[in-house]
């Protein structure tokens, strides 16, 4: 019952993923075909890497809006520099800029105790502006899009270099958050920064770590997307951030910090990708897709609320009945 | 006999300012190995500020903290048990202990630490606690014990305990004392802050009394007597007020509704408790952790639903009301968990006090600011809080003063019944007497007062009557002046009602 | 009643000298409030722009500026209630605005005021339903409002098939001026003043803040959160509905893409204005100032003749600067992080 | 609108062939009409049509194309969400042996072997038409070909925006060298954003020298009309030229606030794409580029837009 409290949300999300997979496997012929699974993994990895990056900041009790600007900015730098010099230099430069913004976000948030949402509204506008500056009003393309094609070419049927890199980052994040001291400090700081500081943990280090990670994940996603599309467009990509945030919350990571698992965020991303892929395979009209998505989200939040309360009550009961319930012969009161 | 133990930690000339408040002023103290050093003083004297500086949580403005004989540096060799809980709420018990136990290395090996965790828990009296339960669902007293376990787990040479026993009942306190003594005997230095003066003489080797941020006296425990200690703490111009009005049995019972509880039960926690409490009396509910005593008062306040049973207040049936409903029927509640439920930490005193009494200070749904201020001043005075500080943010007050505001919040609603849980947690002896007087005065005006307390001294001073619980069952119902401590303790320890 | 307690308070007596807060200490206190800093920054930019940017300080430009922030401001002021009651944000503001604009256009043949009423009621209803879910069923506000945005847009698409809906009537009445103030700007001022007054002076406004500050402590005082959450979402929806109606009135048309950027702009206004995302602190007025500040920056930077990318870069730096300044000066020991 | 001749007469030769239409936002009027017309023609020809929509998101469209490749349709019709980023996807479609019709946005590539046929507007030419409309209007009103012009552009850095702007400025420089484009601001194809952008443009350049404005879309121009009125400028005193002849222009042209627009009919656009795919499936030859008509529309010729605005 009690360990359920910690894990049921992750299980709920994965349960829904499984349900969706089974449903589409029945409804949509070709859903489980190797090439469709490849397409599915491609979109899952792209969403997953952003969702996981974002989940780190959310576990730390903050939110990184700036990835809406960092993703296109990294893509633009990668492609613009890649076109004029070499792609490697482009990627490196793009990632360095992303990291710089991660550092800036983390440092400002921690140093001045400002909600990161406010900080990253600023850096989002800033990165979007830089994106436009890099583009300089021109269309930014990579004439040789062969590299992009090989990046996305199937590896072992369902994977690709593109998705392997992204999934690698995802796995690393799962490990760090579940098994390392850094992960534990991030949880702790997210749960209560003042108490964490009182226990001698460095709040600033945790903040910088999560924002650098988030920017790095966004940067990698942006650079890879740029290469694979052989083009990049300036402008803030808020829709993507919103989708990533939805995935994270559906997976049980709370915006209040300190709660949830990276595995849950991954499940959220998987759920959104599977449903998106399945519905479009069936040929569902967009309006219906939207309504179906809404229905799933509502099911998740409503079940979640109810289950959380039930399980929590169970945990409280278990915790308070350290002293076992009375034996059959109940002593009677009333002396005096 | 007269050899002075080695000094482990020396505080010299430490000063600290918070805005307009000089919290510490030129404080110098030495803490020695193998000694329990009690740090005493009224609320806001600067005790917590001092130990936070020692532990490195706060930075001093002036002066220095030196770890004298220590091979290692400062903060690493000092473990601290905070006054306000410092456990990380959403983390499990296990991870909270890992935070204290971890010794370098990037990868966590939770399983190898398991033995150390278990031993720390068991030393703090928490055998059998589920390691995977999130700390936030634990009852307050268990959190306090866990806090201590965390301090013990680190096994540092200096251990600072800031009011570790404020929410614990005597049984648990005894357990804590046992641990503290054994640590002292093995050569640790222990800094012990408490407002329970009885503890001081039972446990400490040395006492330092602080007032207004300064050290006023310091010496071996044997050099102090209870009277002088109190005088040192409160200063020459203060005296402990006389007990409040309406002593038991004296005078006619005031008018007011009677509280009638019949067969109150909560699944797994409380089994068929029945009693009556007349207006004008203070009824105490007493029991160990898990006895259901605190659940009972929470149920009376409408915070936990009863699974069966009836609660009536005069003509009205309160059963089935939630907190908002019972508040509307003028049942006020003071929570033991000050930080979480007791006060709005980021609000000022005025807003805190008026929060439950907005109807009284508003007309047509519009708040009258002047009325609100008057209410705040008046109520602050009733709990002995300086009415000139009503615009202060609660988070800047000392723990004891925060507790006074928590009580003021309830008083401001002009309740018919007042339910309190650990009403003087962390309140100094002077203010405590004033709060008792205020509560007794309130009772004298015809209010039913029900209090859950884990402090037998408090029950003696405050209550007319004590109801004892053991494992969810009512085992005794005594007039306070008709019984003795041994009897009450026997009740709650064994359920052995004679 | 408290005879023995008449004695002077025993504790913390050393603070006695600060009897009544002096003007200076009040000023110092004000300067530790992030929202006040933002107001000062706004005024400062205003003054600097008036001196340094040639076309800025003209009546027409002020009108232009106010009109460009009016609708966003209305939405932001409503949204701030949700933030203050501790439920973060609504992400369905854009969708509410789009559907309200469509409804406005669709019902314009019954007269502009009826149409505006329909838009407003739609917003109120949609907000209140979300409020019931978030408040009563304790669902996550972000996911709930994302879901509702999808429902509104999905249904909207089924009904309009993605087409533009053209109003059959005259909506110019909302383009006219009230007391010399353009209609939309008047609506913005009215919305701000009403929301600010309700928040500052009424019982419900106070309860809103208290619940945002600490829901558990509010419950101990007998304050139920869900009715207030429903209220906050309802009013936020109402304001978004009005903004949508007025937007529809501008062109007498509505479509699903109308006002798409408003939702995010409103969130920006709330955050930049200094309303705490943790709940309880800040007021609808701050959100209005936030909207004004962001609009002001946009206006000044264009007038200063900067290219689009430079505008964005400078705007980003200035927003960041304002936010950091507000955060750095705000001395809030209870929310301040220790950190070593 | 009525589906026109092509499909109906030709019998069942393409009936049941599977075609995927990868289009962009459903919540834009133009896109919706485009899809509507495409569907009408495709249905009449008995095609098995699958419509896949994204929200102008190039990344998502790339994923969608991956998926389409899985279903192996007989042909794909692609409206690029991003005319540059579409190239790898087109390459992938070619590698999978799926023939492609590109509609609406001309891919940003010199190698046109990746698609069978492009149908849709010629944006450079569209911009030039707008310049011609402006010059003609000035002549008609008897004004000198001299003064300042401002431009409301779509999303900066995207081909449609760049090409229309390029066509406009180039043609204007040729036709009326004394007219200067003094400022431009992005309205991001959004009416409300365009309103603010236009308002500041008027504040900045709204002097006696300002003679006209070109807006790359009519809905943005509707915002500009509003901004002009608010700024106390009579829209009729300016030469306002828009684009598309969408419903907003219909009203503004009638009232005289807007002088002209360049017709780009979503019906023609969708129609051309559908016919091209049918021709393709039949294996018949057709031109590499099919540009849709882009006549200048003024108050007198506004009825030509009836179909385009769904009247």
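Some notes on this structure:
Order of writing sets the labels: A, B, C and D. Residues in every chain begin at 1.
Methods note: contacts are C-beta pairs under 8 Å (C-beta built on N, C-alpha and C of every residue); 3 or more make two chains touch, one makes a residue touch a chain.
Here's who's who by UniProt: A, C = ABC transporter permease; B = Sugar ABC transporter ATP-binding protein.
Source: prediction; values computed, not measured.
When chain centres are defined as mean Cα coordinates, B lies farthest from subunit A. Set against one another, A-D and B-C show the most C-beta pairs in contact at B-C.
Distance between chain centres (mean CA atoms), subunit A to subunit D: 36 Å.
Centroids of subunit B and subunit D (each the mean of its C-alpha atoms) stand 72 Å apart.
Subunit B has its Cα centroid 41 Å from the Cα centroid of subunit A.
Contacts with at least two other chains are made by residues 153, 157, 308, 332, 334-335, 338, 340 of subunit C. Listed for subunit A are residues 132, 135, 197-198, 200, 234, 286-287, each touching two or more other chains.
Each of the following residues of subunit D touches two or more other chains: 26, 156. Contact between chains, using the touch rule, shows up for A-B, A-C, A-D, B-C, C-D.
Per the touch definition, subunit A reaches subunit D in the complex via residues 30, 33, 35-36, 38-39, 42-43, 46, 132, 135, 137-141, 145, 148-149, 152, 225, 228-235, 239-240, 277, 280-281, 283, 285-287. Residue ranges of subunit C in contact with subunit A, taken from their complex: 88, 91, 133, 137-140, 142-144, 146-148, 150-151, 153-155, 157-158, 264, 267-268, 271-272, 276-278, 308-317, 319-321, 323-324, 326-328, 330, 332, 334-340.
Residue ranges of subunit B in contact with subunit C, taken from their complex: 18-22, 42-44, 56-57, 212-213, 234, 238, 241-242, 244, 301, 303, 322-328, 333-335, 340-347, 351, 354-356, 358-359, 362, 365-367, 381-382, 384-389, 391, 393, 395-398, 400-401, 409, 413, 428, 430-431, 434, 437-438, 441, 445. Of all residues in subunit A, only 2-3, 5-6, 179-184, 187-188, 190-192, 195-201, 257-259, 312, 315-326, 330-336 touch subunit B in the complex they form.
Per the touch definition, subunit B reaches subunit A in the complex via residues 52, 56-57, 75, 80, 82, 85-92, 95, 98-100, 102, 105-108, 128-130, 132-134, 137-139, 142, 267-269, 271, 288-291, 295, 467-468, 470-479, 482-483, 495-498.
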